[in-house]
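Next, two complexes with chain A in common: one pairs it with chain B, the other with chain C.
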Partner chain A sequence: MSFISMDFALYVTLALVLYYIMPAAHRWIILLVASYVFYGYNDPADLGYIIITTVSAYICAYFIEKLTVGQKEYIKKRSEELSKEEKKAYKLAVKKKQKLILAAGLVLNFGILAYLKYANLPIAYINYYRIKWFGSTQMIPFIRVLLPLGISFYTFQTMGYLIDIYYGRYEREKNLFRFALYVSYFPQIIQGPISRFGQLAPQLFSEKKFDFYRIKSGFYRIMWGLFKKLVIADRLAGFVSSVMSQKEQYTGAYILLAVFFYSMQIYGDFSGGIDVALGVSEMFGIELAENFMRPFFSKSISEYWQRWHITLGTWFKDYIYYPLSLNKSIMKLGRNFREKGHEHIGKRIPIYIPMFFVWLLTGMWHGSQSRFVVWGLCNFVFIVLGTELEGISAKTVNALRLSERGLVMRSYRAFKTFWLMSFLRLFDINATAGEAFRAFRYMFINFRGFDIEKVYENLSLQKEDFIVVLCAIVVLFAFELIQRAGSVRKRIFSLPVPLQWVVLSLLVTAVSVFGYYGPGYDASSFIYGAF
Partner chain B sequence: MKKTVKVITVILKVVLIVFLVVTLNRIFMPKYINENRDGRISAEYYPFSNYTDVIFAGSSTVYSDISPAVLWEKEGISSYVRANASQPVWISYYMIEDAIRCHKPELVCLDMTFAKYDDDFVEEPSTRKSVDGMRMSPSKIKCALASMGEDEKLMEYIIPLFRFHTRWKELTWDDIRYAWYFGAVTQNGFIDDKNIKAAEDADLVYSEDERRLSPKNVLYIEKTIKLCQDNGIGIMLMKTPAHSSNWTDSLDEDIRAIADRYGIKYINFDMYNDDIGLDYSTDTPDEGSHLNTSGAIKFSGYLAHELKKDYEITDRRNDPGYVRRWEKILNR
Partner chain C sequence: MEKIIEILKGIHPEVDYTTESGLIDKRIFDSFDVVTVVGELMDEFDIEITAEHMVPENFNSAAAICDLVKRLEEE
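Moving on to the complex of A and B:
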């Protein structure tokens, strides 16, 4: 059931009605049933995977907590008999057991994810080199695996919970069914955001009164998400794929336009889907974490990644980056460099080594092909270069008598970051890293004239569509400019009622009339729904 | 006081939403004013519903061949044609169900021409023309469900904007002008065509295929008969005249068997060309597929006489209410 289908709208309406007529204490049961029905609707077989993740995490958390409780009781009972060393040794032994349980949970769940995502990768490589080196015509058949919907998202969310339980950050959820809801909560299951237990669970189970404001506010957010998805993203999809699939036929200007439009497409697609998820959740009285914060206004790549897919970034930061930077071997390595007089390198090592792994994993998370690894590592290189060249950049700005806070520098940095990130997306649009580099090359060596009529005639973007999409991008830009000063919805709700209705009417009309949906328009499914 | 204001605000909001959606629907739906006029037949029926004694339901041969004006003038029969291009029997059934909801006629004449197609017959543009004009009712919903193709969605029939929003690029001033147009462009469902294009063969020869009525056709023919009989309405099955070879004797046999089972009449008017006086060198605009105006006048006159002879249909020519209505229709 797609977020952009009428079926989904009816499903959410029905779930809302049932949710609010249910006594407040039991509403979470409706959410659990709605989440499982929603998830199983696509392919009932997918339920098996989510149940394995739920039950395995529940059991691991149970044993981890049991060991902690047992340890406390044991030490309490024998506090006078045991020496300090004995207590320490006992705690270490318990921690080791907990670590083993945690590792079992992580290996099982990330193992399933890795198998489903990457099982065919070694086969593809073996086949490739067998042909290349030995001229073999015999191919190893690929394994038939279908990636369950949103498996990356709920696996990351659940494993984050398990790690938090291991570190004693939360008390575990004792009710298996409540925990199942935390894992499967349907508005976020397809493409996130990746929620934290401490932020989501209390909201799922708290008793809330019906509040029409939340329904209204959620509806506005859903419509805005649909605007981004249907009016912008889906309208541009045909143009981008037409240019990239026949890039040899087009000059650099077309490729540049396609790169720009792809940035708009993926932003509209992903953030639009997140808006729908957050809007639906808001109607149930549950506020999910924001996943986007005007990323195209970022002034550096580091800042960009604090504003784009925020919950994935913070997940990697909390569960990969920090543990690695505090890893004894890495800290020791840094110390060694500092002791040998390489102060700068010594300081950078606990930052860059974890960061390297974070970007390697981020690349792998986005896809099993090598182009995603290259994409991730390019991000790493750009961030490192940005950090290392900060001094030179500051000197240049000073020499030019410009201010970092001035409009010129802020615009320049936002422009530069936007285009750097857009160029990196060539790895995303093209089927291989080689294709991506070729597209990048064409952009500059083949930069000849641009004929807009050619766009209208050959590239799935008629003149009227072109005008509509440019206007929609301007609206999106204006919206985000206003948003910098605070919530746009709050501003709308502070307007006189007739004006609120004008805004809503315009939004609904824009989506329903200019949206890319219905017969003859194959609305593309959410790009991030495939992760 | 506060509560009253709140209630009024909610009512106002609902009215505004409905108005917005209805307006957008009306702007974006095809208007069928200058071409494909059959697209307006469904909607034009309702103002006349209370004056309808005979309903003719079927496909394009019905709206081309039967002129209610001739029936009125000849025998005082007040009738309406609820037909559309390529309208299968199941749509005709729901058209009749919808009509009965408003007013019970004295007789229903169900045309069989499109019963020749199989169960999987779907032609979206034609379905839209039939269903979009129907007023919102359970019959409309059931009609859409029975007629939709695999790619179609019920919601697109409830809110046609979801289907026709892609017309935004081709909207013209006429789409605004006729958005709220309720005037008639047909004459009680009859669409005249004065063109002449003679049929190639003088003699009509049916195909020798052993084509049989499909289960869905049988189901809906029987449902129509039962619906009419349960409501005390006369029902007749007919095949309107057409000089076309894609009809078979086997279909006639099947339909006749159903008619006999229910004790009703089935007339294949192709068998009465000479009695009607049809001449397919002058009475057809498209080599015999349909009748032109001259053919329709001949056939309608004959039909009026046959209906009067076989069924008790009230002659309304002395009823002032009907006379006023018909004067308006005849003056169009």
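Moving on to the complex of A and C:
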């Protein structure tokens, strides 16, 4: 069931009615049933995977916490007789057992994810080299794997919970069914955001009164998400894929436009989907974490990644980056360098080594092909260069008598970041890293004229579409500029009621009239839905 | 406290750590410095510093760092 379908609208309406007529203390049961029905509707077999993740994390958390409780009781009972060293040794022994349980949970769940995502990768390589080196015509057949919907998202969310339990950040959820809701909560299951237990669980189970404001506010957010997805993203998809699949036929100007449009497409698609998820959730009185914060206004790549897919970035930061950065062996390596007089390198080791792994994994998360690894590592290189060149950059800005806070520098940095990130997306829209580099080269060696008529004729973007999409992009940026000063919806709701209706009617009309609907009036699938 | 100030002096000797309360907010320490301090603290005091401790409030002054170390030593 797509987020953008009449079925989904009816489904949410029904779930909302049942949710609010249910006594407040039991409403979470409606959410659990709604989440499982929603998840199984696509393919009932997917339910097996989510149940394995739920039950295995539940069991691991149970044993980890049991060991913690046992340890506390043991030390409390013998606090007089045990020395400080003995207590420490006991704690270490318990921690070791807990680590084993955590490792079992992580290996099982990330193992399933890795198998489903990457099982065919070695087969593809073996087949490729068998043909290339031995001229073999016999191919190893690919394993038929259907990636369950949103498996990366719920696996990350659940494993984050398990790591938090290991570190003693939260008390575990003792009710298996409540825990199952935390894992499967349907508005976020397809493409995130990746929630934290401490932020989501209390909201899922707290008793909330019906509040029409939330319904209204959620509805506006859903419509805004649909605007981004249907008016912008889906309209541009055809143009981008046509140019990239036949780039030899087009000049650099077309490729540059396709790169710009792809940035708009992916932003409209992903952040639009997130708006729908957050809007639906808001109607149930549950505020999910924000996943985007005006990323195209970022002044550096590091800042961009704090504003784009925020919940994935913070997941990697908390569960990969910091544990590696604060790891004693990496710290020791850094210190060795410092003690040998390499202060500069020594200080950077506990930052750059973990960052390298974060970007390698972020690349792999985005896809099994090597182009995604290249994409991830390019991000790493750009961030390192940005950090290392900060001093030179500051001196240059000073020499030019400019200010980092001035409009000129802020615009320049936002422009540069936008285009660097857009160029990196060539790895996303081309089938191989080689193709991406070729597209990048074409952009500069073949930058001849640009014939707008050719766009209308050949590139599934009619004149009217072109005008609509450009206007929509202007609206999007204007909205985000206004948003910098605070919530746009709050401003709308402070207007007189008739004006609020005008805004809503304009939004609904824009989505219904200018939304790009394919054959059978189906919206395209969400790009991140397949992750 | 003396040990902590000694560690901090090893990174930025020019700072008066008895009065300075904006090590992070004023960007006197960058992320490289913070991680270096953390490494030294973990080693010196045999404590475990994890992601949730990596917030500016814990590293803005020598006193804040001292509080963090005391908390972690008690755990």
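Heads up, the rule we're going with is that the second predicted complex is superposed on the first by the 526 of 531 C-alpha atoms of A that agree within 3 Å, B and C clash if a C-alpha of one lies under 4 Å from a C-alpha of the other, contacts with A are read in each partner's own complex, and residues count from 1 in each chain.
In the analysis below, contacts are C-beta pairs under 8 Å (C-beta built on N, C-alpha and C of every residue); 3 or more make two chains touch, one makes a residue touch a chain.
Keep in mind the model is a prediction, meaning the values are calculated, not measured.
When the two structures are aligned on the shared chain, A:246 is found in touch with neither chain B nor chain C. In the superposed pair of complexes, A:317 makes contact with chain C only, with no contact to chain B.
Legend: residue contacts after superposition of the two complexes on their common chain; A:497 is shown touching chain B, with no touch to chain C. By the touch criterion stated above, A:515 is placed in contact with chain B alone, chain C being left untouched. Touch criterion met: A:505 reaches chain B, while chain C stays clear of it.
Applying the stated contact rule after C-alpha superposition, one finds that A:462 touches chain B and leaves chain C untouched. When the two structures are aligned on the shared chain, A:169 is found in touch with chain C, with no touch to chain B. Legend: residue contacts after superposition of the two complexes on their common chain; A:6 is shown touching chain B, with no touch to chain C. Only residues 167, 169, 317-319, 322-323, 325-326, 328, 331, 334-335, 338, 346-348, 350-351 of chain A touch chain C when the two sit together in their complex. Those residues of chain B that touch chain A in the shared complex are 9, 13, 16, 20, 24, 28, 124, 151-153, 155-156, 161-163, 165-166, 168-169. Residues of chain A that touch chain B in their complex: 6, 462, 464, 497, 501, 505, 508-509, 512-515, 517-521. Residues of chain C that touch chain A in their complex: 31-33, 35-36, 38-39, 42-43, 49-52, 54.
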